[in-house]
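One chain, chain A, appears in both complexes that follow, with chain B as partner in the first and chain C in the second.
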Partner chain A sequence: MNRKLKNNLFTYATWIAVITCAAILLFLFGVILWNGLPAINFNFLTEAASDFGASGGIIHQITGSVLLVIFSALICLPIAIGTAIYKSEYVKSKKLHTLINTLIYSLNGIPSLIFGIFGLILFVNILGMGVSWIVGSIILAMMILPTVTLSTYHSINSIPTVYRESSMALGLTKWQTISKVLLPQGFSGAITGLLIGVARAIGETAPIMFIATAFSGVAFPSSLLEPVSTLPTHILALAQQATNPAALQNAWGTSLVLVSLVVLFSITALCIRLKHQAISKR
Partner chain B sequence: MLGLTNKIGKIYVYTSTLISAAVVFLIFTILLLNSWSAISNVGLDLINLSWNPSKGEFGIISMLFGTFVVTFIALVISIPLGVFTAIFTSEILASKYRFFVKSILELLAGIPSIIYGLIGIAFLSIWFQDLFDLQSGRTLLTAGILLSVMILPTIITLTDDAFHNIPNKYRETAKGLGLYNSEIIKEVLVPIAKADVKSAILLAFGRALGETMAVMLVIGSIDKLPNPIYNWLSPGQTITSKLGREIAETSFGSIHFSAMIFMGLLLFSVVLLLTIIAQNSSKKTERLYE
Partner chain C sequence: MMEQHALKPKLTVVGKTTEDIIKIEGLQVWIKENHILNSIQLNIPKNKITCIIGPSGSGKSTLIRSMNRINDDVDGITTQGIINFNGTSILEKENDVASLRTQIGMVFQKPCVFPKSIKENVLFGIQHLKKLSKLEKLQSVEENLKAASLWKEVSHRLNDKASSLSIGQQQRLCIARTLAVKPEVILLDEPTSSLDPLSTRAIEDMMVQLKEEYTIVFVTHNISQAKRIADHLVFICDGKVIEQGPASAMFSCAKDPQTKAYLKDEYCAC
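What follows is the complex of A and B.
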């Protein structure tokens, strides 16, 4: 086989792969939009679910999901910032740095279901907190911790050393340097990471399905130790009664709302990142 | 006063690092402690074919087999598809579209797995049912194919980075020698990017092993080996689908519960190992890019 023919075959192979991927992509977004849009109207977004989700809306699922991820972000943020500062400013030995990196990447790699089982054993059973939304928030906070930590670390670490030296030369203590000079500049990284993390957390089903959620008869929780209903677990429950067309219709509607929320968080994160990059280039 | 805030700041930073570092160990310890009663009571019988809690039989082979088959199918489809697509986006596509492609991939990776599950139930499994004339379209193959789509963005975006990080001088030199595009990619770029591509595949492998929702909805959830063993158009069970379906209904502290946690511990250990190998194998290439 001559070289030119080989080159052409290779090019065709890449084109076939790309067209397949593009077709999959179009199919996925097409299906979500095509099936989701007819299900969505004002009532669907503002009413409570009834008839096991087959009729009514998803207002409690939306508030439940948002509540879970907001609190997971609040729990995660201080710990992530602290770890990022340690990684960037305090740690001196290279070995320790590698160890912390390995632990963070490991945490990021743990399957989401394992987090759910961990929460079920430790919080629900051993600590006796029962099925409650705050447990879900704690578990989701653990899941997004690596994302937020690494994003914060990168933005703090990329601040030029001259800032640290100047502030030290002015007589500021190490903590003053961190809190007055580095953190204000590194904060955008934390927020970007947090948004990416939240975009991931809001779509997770496996970690929260046995520790934080209940399917029917759940309104907005009045205490920390009550279950909520969330968008992903609502889709799960509806998908299991897929023979009922009304339930399936609502499942698609819920999916579209969920995907929109994910996209919203991701795009906001992207915008903040782009804006910050534009400034740092100048 | 200043010294005090400095100290408090330091304590805060150290405490939060300790918390972050402790989580992985805490999860491992909790899983190990809770699977201990299965390990000590059932022991080697865990490696057995039949799973029947009421008879005290906890054989996890069929779950291991299902996990292996589903992951294998997913990787066989998504590795060639993903690597070729990544070569396209990095080497053939004009770089001004790269940002657009990257954003789309990120969106694709952000689609929650439960929605893949819904698509699997509503379309894929029904297509399979009609296509192969099955009683139910929920099979090992369905789950594998669905999973291959889910790990595709991971493979594409990491492989694309691996190729894109190679300095242009390699391409220019090879082009100056009169090599065709395909030859440049095969002879020059692939050897350099190899380690990073390998780590991308390992990460995707880990993700595929741990994926729960989509697999759970389309795999059929039957704790048996397919008959004959290569008939992947029959329902099966993976570790994740088993845990996802049963753990909430199992009473805490029983041997049944403990055997389930043992599977979780296996999954956790394998995925952790893959992540660490992937992390280390991608570092070795740093030397090349001076």
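What follows is the complex of A and C.
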């Protein structure tokens, strides 16, 4: 095969790969939009579910999901920033770096169901917190911790050394340098990671279905220790009654709402990242 | 205020012409297995410009970076020997490096302004050391930007982003920021190597003015620059001090053949 042909062939191959990737996404979006859009109306978004979800709306599910991820973000963020600062600024030994990396990637690799079982055993049974949304938030925070930590770490660690040295040469202590120079510049990385993590967490079913949610008969929680209903577990419940066309219709509608929320988080993350790039490029 | 400013240098110049503010004895530095500096013996005279020259890789930067211990954070570094600053040994582990660095300031090769306004950049160091009133802040900004000969260019846009300045202006801003902390010694590590000739001249002229109030240690690989500004000259090569002394004497008749060769042809055989 001559060189020119080979070159073109590989160019087309990469194109095909990109198109396949985009097509899968577009197909999924298309199907969800096509089937979900007829279910969406004002009442669907603002009313409580009735008849096991086959009629009524999903307001409790939306608030349940949003509540879970907001609190998981709040729990996760300080721990992730602390770990990232420690890893970036205090760890000098290569071995310790490798160890921390291995731990973070292992935590990321644990199947989400295992997190659920862990939460069930530790928080629900041993600590006696019962099935409650705060337990769900804690477990989701653990799940997204690696994503947020690594994103924060990379944005702090990519700040050139001369910024640290310039700050310390002016007589600032290490902590002042971290809090006045590194954190303000690295914060957008933390927020980007957080939104990506949250976008993942909001769609998770397995870790929260035993520990934080109930399938029917829930309203807005009035305390930390009450179960909520969430979008993904609601879809699961509706899909189990798929023989009922009304339930199926609502399952598509709920899916569309869930996907829209995920897209919203992802686009916000992308915008923050782009804005930050524009600043750091100057 | 301004009168004081004008009087002070004259007073300091009179009595303290030969006093050494920094004395280095037997300084050894390793980075991992590499022996970077070998038995450095060096005196930095007060209120003079000391230029450290030498070929690249000779250890100039490591030497100047040892003087305010900014090297401490370099991975795998070992430092031995004595650095005396105003009579205290600064390499002791328990010394407060942050307060040491307020007395020995440093300007780096590549200008590095913080993503803040020009005003905030000048105040960046000083406002973390003590509480300043609004008036003191304004005074400090004006005084130090004037000392760094930047005031005329930026006085009408102090709240603009510092990154909007040219590279040469940014470097002068970095110097102003260092002056604001009021150190006794200013270390400059090849501060003009990334600048255009005009900005370079502006910084050289500024150094000559600043030496009345501060002691200046200036690392450069540019011999003609050293000729223009140096009072005291140190030539180091391959981690050793080959020769040091008054700049005029060294430029007219260097004792060491290596120094002679380097000052003439910028070539060093070591």
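The definition used in the following text is that the second predicted complex is superposed on the first by the 255 of 282 C-alpha atoms of A that agree within 3 Å, B and C clash if a C-alpha of one lies under 4 Å from a C-alpha of the other, contacts with A are read in each partner's own complex, and residues count from 1 in each chain.
The rule is simple: contacts are C-beta pairs under 8 Å (C-beta built on N, C-alpha and C of every residue); 3 or more make two chains touch, one makes a residue touch a chain.
Computed from a predicted model, the values in this text were never measured in an experiment.
Partners chain B and chain C fit side by side in the overlay (superposition on chain A). After superposition on chain A, the vertex angle at the CA centre of chain A, spanning the CA centres of chain B and chain C, is 110 degrees to the nearest 10. When the shared chain is aligned, chain C comes close enough to touch A:V181, but chain B does not.
Legend: residue contacts after superposition of the two complexes on their common chain; A:T173 is shown touching both chain B and chain C. Of the two partner chains placed by superposition, A:L45 touches none, neither chain B nor chain C.
Greater residue coverage of chain A by touch, when chain B is weighed against chain C, goes to B. Of the two partner chains placed by the overlay, only chain C lies in contact with A:V162; chain B stays clear of it. Contacts of A:L224 after superposition: neither chain B nor chain C is touched. Of the two partner chains, chain B is the only one that A:V263 touches; chain C does not reach it.
Of the two partner chains placed around the shared chain by superposition, chain B is the only one that A:L103 touches, whereas chain C remains out of contact.
Of the two partner chains, chain B is the only one that A:T149 touches; chain C does not reach it.
The minimum CA-CA separation between chain B and chain C in the overlaid arrangement is 10 Å, rounded to the whole angstrom. Residue overlap on chain A between its contacts with chain B in one complex and with chain C in the other: 173, 176.
Touching chain B in their complex are the following residues of chain A: 3-4, 6-7, 9-11, 13-18, 20-21, 24-25, 28, 31-32, 35, 78-83, 85-87, 89-90, 99-115, 117-118, 120-122, 125, 142, 145, 149, 173-176, 178-179, 199-200, 202-206, 209-210, 232, 235-236, 239-240, 242, 248, 251-252, 255, 258-259, 262-263, 266, 270. Of all residues in chain C, only 68, 70, 73, 75, 97-99, 101-102, 105-108, 110, 112, 114-115, 124-125, 128-129, 163, 174, 177-178, 181 touch chain A in the complex they form. Across the complex, chain A meets chain C through its residues 92, 160, 162-173, 176, 180-181, 184-185, 279, 282. Those residues of chain B lying in contact with chain A across their complex are 2-3, 5-6, 8-10, 12-17, 19-21, 23-24, 26-27, 30-31, 34, 80-82, 84-85, 87-89, 92, 103-104, 106-108, 110-115, 117-119, 121-123, 149, 152, 156, 180-183, 185-186, 203, 206, 209-213, 217, 240, 243-244, 247-248, 252-253, 261, 264, 267-268, 271-272, 274-276, 279.
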